[in-house]
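One chain, chain A, appears in both complexes that follow, with chain B as partner in the first and chain C in the second.
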Partner chain A sequence: MAGRRNEREAMSGAGKESKAGGESRVAHELARYETLFARRTGSMKSSAMRDMMALTERDDLISLAGGLPDTRSFPQGLFADLMGAVATRAEAALQYGPTEGLAATRGCIREVMAAEGTIVDEADLIVTTGGQQVLDLVCRALIDPGDVIVTEAPTYPGALPTFTAYEARIEQVDLDGRGMPVDTLEERLDALDAQGLRPKFIYAIPSFQNPGGETMTLARRRRLVELARERELLILEDNPYGMLRYEGEALPTLHTLDAEYGSPGMVIYLGTFSKIIAPGLRLGWALAPRPVLEKLNLAKQGADLCSSPVTQMFVAELFARTSPQGGPLWLDYVARLRDLYRARRDAMLAALTEQFAGTARWTRPEGGMFVWLTLDGAVDTSDLLIRARERHGVAFVPGRAAFADGVRGARSMRLNFAGADEHDLREAVRRIGVATGEQLELLGALSGRRAPQDRGEGAQVVPLPTRETDARGRAGL
Partner chain B sequence: MAGRRNEREAMSGAGKESKAGGESRVAHELARYETLFARRTGSMKSSAMRDMMALTERDDLISLAGGLPDTRSFPQGLFADLMGAVATRAEAALQYGPTEGLAATRGCIREVMAAEGTIVDEADLIVTTGGQQVLDLVCRALIDPGDVIVTEAPTYPGALPTFTAYEARIEQVDLDGRGMPVDTLEERLDALDAQGLRPKFIYAIPSFQNPGGETMTLARRRRLVELARERELLILEDNPYGMLRYEGEALPTLHTLDAEYGSPGMVIYLGTFSKIIAPGLRLGWALAPRPVLEKLNLAKQGADLCSSPVTQMFVAELFARTSPQGGPLWLDYVARLRDLYRARRDAMLAALTEQFAGTARWTRPEGGMFVWLTLDGAVDTSDLLIRARERHGVAFVPGRAAFADGVRGARSMRLNFAGADEHDLREAVRRIGVATGEQLELLGALSGRRAPQDRGEGAQVVPLPTRETDARGRAGL
Partner chain C sequence: MSRVAVLRGGRSLERAVSMNSGAQVAQALEQLGHEVLAIDPGSGLVEELLARQVDCAFVALHGREGEDGTLQAALEAAGIPYTGSGPAACALCSDKDLAKRLLAAAGLPTPPARTLAERAIREFGAAAALGRVAEDVGPDLIVKPVHGGSAIGVKRVDSAQELPAALAGTFAYDDRVLIERRISGRELAVAVLGDGERAQPLPVVEILPRGAGDYDYDARYAIGGASFRCPADLDAGLAAELAQIALEAHALLGCRALSRVDMLLDEPGRPWVLEVDAVPGMTETSLLPQAAAAAGIEWPEVVRRVLEAALA
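Our next item is the complex of A and B:
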């Protein structure tokens, strides 16, 4: 590669622009690209998601960063069997498919949604290239520069770069342990209204929120839907983890509650196979009111024409299988994931209590994949991540990535408990604990004290009195 | 499904908004969505591509519409074998992958490009969800509303909706049988410059152009690259068919010619596995100057995080196989496609001569998948398509889809010769001929004459004197 570069430079020297040569030309040409970039690229920054993705090919550290499910638990034999079944239909699998997705795959989606209590018409669905693409297509259909999107705070770190790429103005409403407080949302809507602004949609992750780990109460769900209808606002309900509940009663989706009012609805529903089957399939879906669906379909044509029939047929083959007990095999697999993740969640919560009791607060999720941890000490987790990765071989998502301003959440981190086994989870939490201690000592040394209280954030290295309520997590509040 | 609708309506009647009920409410709510849509959706229309995608699950007609390659020729046994090999690496295949693509897959891309005469550094590549996504990501990185993109005329029908979704202003330069005339391009650039406009990029498909079927000469390629460097313009080179040449000498890509000037380059190169392996994999790539590549990577994170590791590993497995003769197996497959498509092209050209000699002109492509046919008669091929599909069971892409104004190209159509076998191609051309004859008769009847010359388009049902040059096609000019 170095040889190639030298060769190119030599050719450049012999080329027609050699007169201008040297570094000034290169600087000039780099500046030239700058003038060509779209305005939206100014707000495009490498989010925490970037590193998460980059990390997935490394195996020299324990990463709790990405929203990686456990893909080791997918039975090797079943995988080979399904791949073989897809191969028997090579002609169709290898060809383009319809933009809205294969009928068989949309049938599988109907099954997933029925298992969550929602009966849908397959014609209201579009298959997408992962759930992420739904965020993108919805923005493409709805967002002009300056349009408002309301999100929870913290919110899915991977959504923020998409929203800002469409030059949306993001308003965030703080979570309080029971999901987005709808009264606070109302106040915010009133304030926006006073400025002549009406959000294009409210982005909510009601169940086992990413990254907050908390679940919106039924009363709030009802009120949120009511509010959306009163004010004629769309809701984008992101529900990747709905089937991954480890305790407590299932709650109806916002879509289900909205449907009780009849059609046309105000909820665009985002689902995905990433967390219940596998992210490598890159298959998600949107359920949307027909006029919106039509725009999503047009947007998808321009984006990638269609999602892969190979992986769509893989899903259809899986859903056609029955378990030895006679039920759908995919439901067995999801049940197995639930058991696996429940044990991992418990292991992580135990490790956190051991490592961070009295020095941090964290959520206790009833499902999903994430714990949100906030340090009492004045450690910036973005800085901490560098130390944690480089010196201790452990990674997490720093909290700033979940806030639109990139400033808030500095003492928080998102921890994924689904992707690593219990041993690694314990070890990872231990490493984060050690890294945090080192960082606090460093801060103390820099400021001449152990606890940099001049930052006004109540940082303490010495354990605070155990705050039972906080240690149990906000979800218990 | 109807039951579900009725149920919903009944629920609606019992719901909280029942007072407002009835059709006016529905109309109101539909109008409500309208106010929520982004401005860009105003220019989103269901392109011809839509129908093409929708048609792929039907088999009651012969479609020459979509850019469908022949996927029946992919050996069933090999497909099963490769799928099985991917399944042995279930954990990685089912997991998220890095945004820029798996290293192994980028290695395969390097091989494809080397086979086309370009040596690339894998670090300059990004794997995308089909070539279509490159168009989308490049626009996301470069296009603000009102920015100019210069394309060929006609151009790839699937590119136009993407460009207009980014609210680009599209300037088209007419092809003349030897690719985009660079002197005409220069004049257009001067005219734009006089308006203070500088295109963000020039979109060109130099080899076996889609839909034109013609190939840009070497002299024009050199001059185009030279012009881009003189004027500091980026070129987006779309090269899906470069390896599908059926006769004549291979020509260097624009990227290769640009690289002779040294780095940093002015060409963003779009490649895809869709035409040389299979579109169902949904894998393409971009090769771009580093500052641009960085933006493409950020854009892809927001769009779909990463492309499927399942299909990426499928490609890597294929590229690892050797043929019985010892060479790379994938090159054997491409060679087989070339033989197959060459025979189909010849069959189509023969059928066109039989059916349309003296009543139409068409191109004679040296490679790729498409013939561009222009009727002498005043038949609008958008209208003709309806008749052709509904009465004769044959489909093509109407020419208007290849023009930004949606008006030009009304007498032209794009015919794909790669996706159907020789028998079907002959039958399809025959059916198009019959449909065209009927449409001309209908037009004649409507206007009281057989040839509606009042439309000033020289329409004739009676065969015109054979115009040898035109019948040989523009590519021969």
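Our next item is the complex of A and C:
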């Protein structure tokens, strides 16, 4: 300890010295940062929209933007009770844990997977810090700069920054209402092959896709797995909402279909407690073929050594509880969420019909949290968001965020129906309708016609190259 | 030695930049031996400044709330000296429409433009003028909100057919929108220190986009999103011409102590003034400190001069 303190003192001493002698510090610091940044920071982006959302919070804002589950429905008493139970084993909860996760937590994950119809061996999985970490670890293990990742279009907006941070080249295959069309994927793979490019993995969210809200058909699931096996490509199956199905029959995961072939598998499965318990736990998991799993484990050692034992033990405690009816308590909670979200989905779909019938199309998700809405009129939803927030107090995710080029999806938006109650959902949809109406009316007036019409892709406004813009703002001029 | 309140932060899009500017200013003020209070302005600002009996408020607030003159007028009313330009100059600089009209009237080069308000579209049927606007200003256009400094809401328009959609979109950001001729060329800026007889243009800075691709808002805000060359590689005559234009723009809009004049140099080599920034960024990666350094003026000296002008 003494040694470390001395070291710190020595460092602060040096700091003072450089401050005193730092007359030409400004120019020097600029050059210093410039030369120290990794090349990949050039392609790293924080979301401008996120920055804006953070800034002007208003009290009456209804946000359908986040991917937020409803944490209000988790019983406070139960939370305190579980934390109390964890506290009785403080020495373990406060200690580092194994990189692959606590055995008890891995047992819980096996239970979740079994409830979804997948029987797994605990040795094939690793506990992660949220599902998001799986994306990062998989890239860490697989992606060299320039490597290709194929995703759906639209895709999870939060995956794109991770992929670009590893300097991946992203190829997107358009969804068509029934999940990723595998024949289109195949054509794309052939085209890439002709350029000597072989994707490292295919990123798919087959159930209640984020943000598209659609579910991949069983035939396509089978064909996708078959294709991955034929071409020896990995699939990263992102399945955060599998247990949140509100209607229709459950479909097997890609992982399950892949397992039917026997090992070695081609699917890396991503799961999370975020949507079935709570995102604040920051706990997810990956299930992967052993050689891949080993790399993910190594990558995780470098990233954070292990996920929080405190929340892992919280989950284990929860899974040990039984409901008054005698079943597992966590399944009761998931069932409660399902009922809650089903009603909210229905409320949103009804509100959308009332507000947007004839002027927009939207998906009707069988589960999950999101509806994807596309306006018929030439309204750029990135602009619409500003009007909607500033003048009408409502927010959503503009569609561009779900496309790698940031240009497509300009008329679409992602609406989360899980995080707000039914009254707020109806009001939010009404407000979006009013803002859209204003924007369309304005466009109609500007175009010299009253009725808004579809103007086709030609009317799309492209993002601006810097040269022609005013210079202010950039890099803090 | 004075007690100086550095106003930084705020609620605008440029909050992060402002926090950084404030830190650089605070550091310099401390080096100069002043007592520094760093304040993130909120509803209790004026009361706090009065209660703490500050000698001066150093304005490092970017974005609309720090630059449109509202804050300056309030400080003036409270009898608190503050740095930089007064309410009128701030209001003019933050309103690209008015600033451009004044520049043009004074014979300074600024790209031809027209301004339309959403209200004019709704109440006066101003959409009927669009064809004429495209003819007079176009064909290559930039549509931007009259207020606000970042690239947010700014749209490039390549043909008259695209104009209605671009305008409708930009009206989401501001009631008034500027439709400006798009000039392609080099992006330059001249910072001016001091005013009146003692106004001094700093060496011309060229803003170099990093990489060849299109820039978006994110890149513009990231450290290292753009790099600068200072002094810009220009022949002496042209550099002197730009400096002169900057001085005239600075004086015309009534700026005090400091400003930054943003310009474009088109392919034939003609300069165009885009706008004047009354509260230029003062972060370590900002253009103003670098331009000063190129002129042999260390950062604390810049801060000293700006403070002195406020207390004079």
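Everything below uses one rule, namely that the second predicted complex is superposed on the first by the 397 of 477 C-alpha atoms of A that agree within 3 Å, B and C clash if a C-alpha of one lies under 4 Å from a C-alpha of the other, contacts with A are read in each partner's own complex, and residues count from 1 in each chain.
Throughout what follows, a residue touches a chain if its C-beta (ideal position, glycine included) is under 8 Å from a C-beta of that chain, and two chains touch if they have at least 3 such contacts.
Everything numeric here is computed off the predicted structure, so don't read it as measured data.
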Chain B versus chain C as contact partner of A:G326, first or second or both or neither: neither
Chain B versus chain C as contact partner of A:G196, first or second or both or neither: neither
Partner chain in contact with A:T41 - chain B first, chain C second, else both or neither: both
Contact breadth on chain A, by residue count: chain C or chain B: B
Partner chain in contact with A:Q439 - chain B first, chain C second, else both or neither: second
Touching partner for A:I119 - first (chain B), second (chain C), both, neither: first
Contacts of A:L102 with chain B and chain C, given as first, second, both or neither: first
Which superposed partner A:G146 touches (first chain B, second chain C, both, neither): neither
Doubly contacted chain A residues - partners chain C and chain B: 26, 29-30, 33-34, 37, 41, 44-47, 52, 56
Contact set on chain A toward chain C in their complex: 23-27, 29-30, 33-34, 37, 41-42, 44-48, 51-52, 55-56, 378-380, 382-387, 390, 406, 439, 442-443, 445-448, 455, 458-477
Complex contact set, residues of chain C against chain A: 11-17, 20-21, 24, 96, 118, 121-122, 125, 127-128, 130, 142, 144, 149-157, 161-173, 182-185, 187, 189, 207, 209-211, 214-227, 260, 262, 264, 274-275, 277, 280-281, 283-290, 293, 298-300
List of chain B residues in touch with chain A within their complex: 1, 4-5, 8-9, 11-13, 15-17, 26, 29-30, 32-34, 36-41, 44-47, 49-50, 52-54, 56-57, 66-68, 71-72, 74, 76, 79-80, 83-84, 86-88, 90-99, 102-103, 119, 121, 123, 129-130, 132-133, 135-136, 139-144, 147, 158, 161-162, 165-166, 200-201, 226, 229, 232, 234, 259-264, 274, 277-282, 289, 291-292, 295, 297-299, 301-311, 314
